[in-house]
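Next, two complexes with subunit A in common: one pairs it with subunit B, the other with subunit C.
The block that comes next holds the complex of A and B.
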């Protein structure tokens, strides 16, 4: 296959074309699209959503799912804010506390999924309600606003048009790509996602893969939760409520296979960019925000449909899977 | 089967365990939670059992296929809004409006089923997408305005108290349960749905129209979801787009709790209507009791999550035990 042929077959090429065309059309229709303010809004949205999407993506890679992603982010956000407001923790300690809490939540998900042998769907549905209830119970549905100045500055500081949050988002993207692409545990995860039985027979530990993937997902949820606190400047227990759709939409639009084994990090980033672009386009064109919902839903269907077509053409994919 | 054997089978069944648990909790809350068995509280429990029971059974009909329906809440709200539209904008009488709502729900469910069957994608991602599409379209069409001038016979039905303490919504739930029980136990259609869900491949080889049956399962789910949507609006006294939370996602926990507690398999092919009813009763008793104990309404969600977790782990342990016992023999 030639270099160009390979490029054309890549997951993300169609998306990249779509994004460039969409952005071009939008900037022609609405010149204010290219103002620094707008680019900033899109970039901040990108930073948050990409971490959320990768948090789900690392689970999708092993063919599981994490419904509790938003609830974990919410619990961490609330604990992060609360630890600063009530315990007076310094920023670094609060961040560490948040990361540890998120990791622990993820570990619980992974351990329960592994030990029970049940689908991660039902396990994380249960922990979703546990974490969500806990964050509502801790805050009594109020917001914590005793956020330290350092965190607030992190959420609002800019270098020219670039938000400081890129300092977290970019390393997270690179680390995830390196982890899944170049490290042994990452490759083992993808192998497990592709075929759990074959992976186990070749000596890959199911316990390690499942628990590690869920733990990393909890860690990323924690990062995203604390970034949201920085952006909103308060910790509210509604953080994470609307992560679920985006967390699946971006990877799926980017070409991820929900049954596991294949996870395109670059594609996911482009998927996030598509979502950010749609959001911004609808704001600029002043249409009802619920069009975003409809459009996002249609986009998911179109994306998974396209993936399935590609699978069919390549002769891979399941022959009879109806459920 | 001799009587002792049958008794032993009953005592090991999921429903029996649930029944014991319900009895223990009712007794405990009666003693410790002041006002748990008051008429007002029993009324509110029976009303919640009615609504959440129907939600759970709606999900159960699609769990049969080994799939699920995240869009259930969205369908319920959409159909209820459809009923409101028929009643208030079209000025139709109650019965045709209801019929319209149920048909709308079934049609939305059938759309899910159709996409699942034709694309062969997992129903999770399909219904994740349609949840957003259905709900978004409904909000756009309605301009997020609810319907609050419901006819008096409808609101009166919602407020009615039988024997001073039983909500008629409970009877609606029993009616739905009875119909489903009949379908799954005694009709060829129901048995075929179960067979198709248990092993689609084998069912297909034995000549069952598996695809069509799965579409029917999703349509059934949508239709029952519509009933639940109307019931939930009767509790509020109005039909509002936000009654099931963002995108209807607030229904997910009750929808899965009841069937899973009742022993419906997530892998498909096995249902327990009685189990789903008892599962709902169990959940509502715990919810109401904890509420009465004043542990704070937000922690109840945590408690329900723990119940779900405990139940699935217990079920798992029991299955492992049963396997160990049968292999030792």
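The block that comes next holds the complex of A and C.
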């Protein structure tokens, strides 16, 4: 197959075309779309959502789901903010604390899923309630404002149109892509997600795959939670409440298979951009507030449908490959 | 009345009677917001102060884990089982919240729609909250005054399921209409009061793309006010005038630093304080609501009592609590005589 042929069959090419066309249309409709400030706004949204989507994607790769992703991010966010406000922890220590807490939450999800034999849906539904309840208990439904200046600056500063948050988001994306594509544990996760029985028969440890995936998901939720605090400059117990839909929508738009075995990192990044563009278009085009949700759902469906249609025509796509 | 509520009410009543001698009265007030939100923080202090000042057995602030009607209803049922016999409820939905209130009423437990109204006909004794439409109207007028009577404004407001949101949108539109074309309402963004991240994204997107066209911002919900104040500080823009709402430290600091013109204070403290007092009088001392009292009419109900609002500019911003305590004290002076009939 030629290079062009391979390019046309890539998971992400349809989305890339969609994004370029969407961005061009928005630029024509509103020339301010391409101002540095607006590009910064889009990229900040991208940075936050892509980490959330990858946190879910790691779990989707093994055919599980993490309903507690937002609750984990929320718990880490309020613990991160609270540790600075009440304990006076320096920024580096608060970040370390947040990372450890998120990792621990993820480990608990994985260990419970493995040991109990229950589905991750049930386990994370329960831990969602626990983590969310803990966040409410810690904050008593209030916001923490004692965020360090360094964290606030990280959430606000930019170089031209590029937000500093890219310093975290880009390495996270690259590390996830390398992990899933080039490392043995990453490949084992995809193999397990594609066919758990075959993977176990070939010597892949179910315990290791499940616990590792959930632990990494918790770690990524922690990163996203702290990035959100940096952006908002407050830690509130509602952080993460809106993550669930985007965490599934972006990977699915990007071509991930919810039953596991296939998780395209590049496609997920483009899926995040598609959602960001749709959200921005709804604001810029002054859509009636009462119909924003309807249009958002329709446009996401259209984006997924367009990509799947292209895959079907080319005879590619994860679903077809699995069958 | 559902049987489980009858049993719960019976058990609760027996328990309360058994413990009555140890308390001033047997009134246990549950204050239940629609979900976690900083607006309701002052409910807790208002309830604590009322408990202390009026000898109420309990006045407790209980928050549902999320903004879900089912969770709020479940929490009310749980509190009923624990013996709470009076409720101040922020309606999760103006119509649907009538259902749990009707169950409470059937069990002999009174409720007040607090900080937001239920739609008539409603089992709520009355609605006690900010006249949100009036507050939004006054805020928009303050903004238009700060703009010199002309300009282009945007309105950032709350959740569409919140009964107050439509009232706020109508009120801002009315203030703009009264400018006879001198002020233009460029856009209204709603449904951004659940999570700060959502508000941040949408407000920044609009400011980035159309900031040059915008002269003023009116926000009529807490999180949009915080996000707008943060955004204006981030871009360092003091050209755009903003009138916010409520008293989040971020908004107050932005007023002090000149990024925000002022804010429309509400009185959640007074809602909880006076609401708990009313429940003590009704459940503990046999008072009844005076049906002939001078209730206001608002879009959802004809039994509305305004808990007060005030514009807070840079002057006295450090002592904003005093303004609301003064409003509360003023309301308390005549509340019993005006709205209650006591034996």
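Please note the rule applied: the second predicted complex is superposed on the first by the 288 of 323 C-alpha atoms of A that agree within 3 Å, B and C clash if a C-alpha of one lies under 4 Å from a C-alpha of the other, contacts with A are read in each partner's own complex, and residues count from 1 in each chain.
Keep this in mind: contacts are C-beta pairs under 8 Å (C-beta built on N, C-alpha and C of every residue); 3 or more make two chains touch, one makes a residue touch a chain.
Predicted model only: the values in this text are computed from it and were never measured.
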First (subunit B), second (subunit C), both or neither touched by A:279: second
Contacts of A:129 with subunit B and subunit C, given as first, second, both or neither: both
Touched partner set for A:16, first subunit B, second subunit C, both or neither: neither
Touched partner set for A:290, first subunit B, second subunit C, both or neither: both
First, second, both or neither for A:141, with subunit B first and subunit C second: both
First, second, both or neither for A:45, with subunit B first and subunit C second: second
Partner chain in contact with A:231 - subunit B first, subunit C second, else both or neither: second
A:37 touches, of subunit B and subunit C: first, second, both or neither? second
Subunit B versus subunit C as contact partner of A:241, first or second or both or neither: both
Interface residues of subunit A shared between complexes with subunit B and subunit C: 129, 132-133, 136, 140-141, 241-242, 290, 292-293
Interface residues, subunit C side, partner subunit A - complex: 33, 36-38, 40-41, 44, 63, 65-66, 160, 186-191, 194-198, 200-202, 204-212, 226-227, 230, 234-235, 248-250
Subunit A-touching residues of subunit B, taken from the complex the two chains share: 65-68, 115-117, 119-126, 128-133, 135-137, 139-140, 197, 200-201, 204, 210-211, 214, 246-247, 249, 252-253, 256, 260, 266, 268, 296, 298-306, 308-309, 312-313, 316
Contact footprint of subunit B on subunit A as seen in their complex: 65, 112, 116-119, 121-123, 125-134, 136-137, 140-141, 241-242, 244-245, 248, 252, 258-259, 288, 290-294, 296-298, 300-301, 304-305, 308, 318, 320-323
For the subunit A and subunit C complex, residues of the former touching the latter: 30, 32-33, 35, 37-38, 40-42, 44-45, 48, 129, 132-133, 136, 139-143, 145, 156, 228, 231-234, 236-242, 279-280, 283-284, 286, 289-290, 292-293
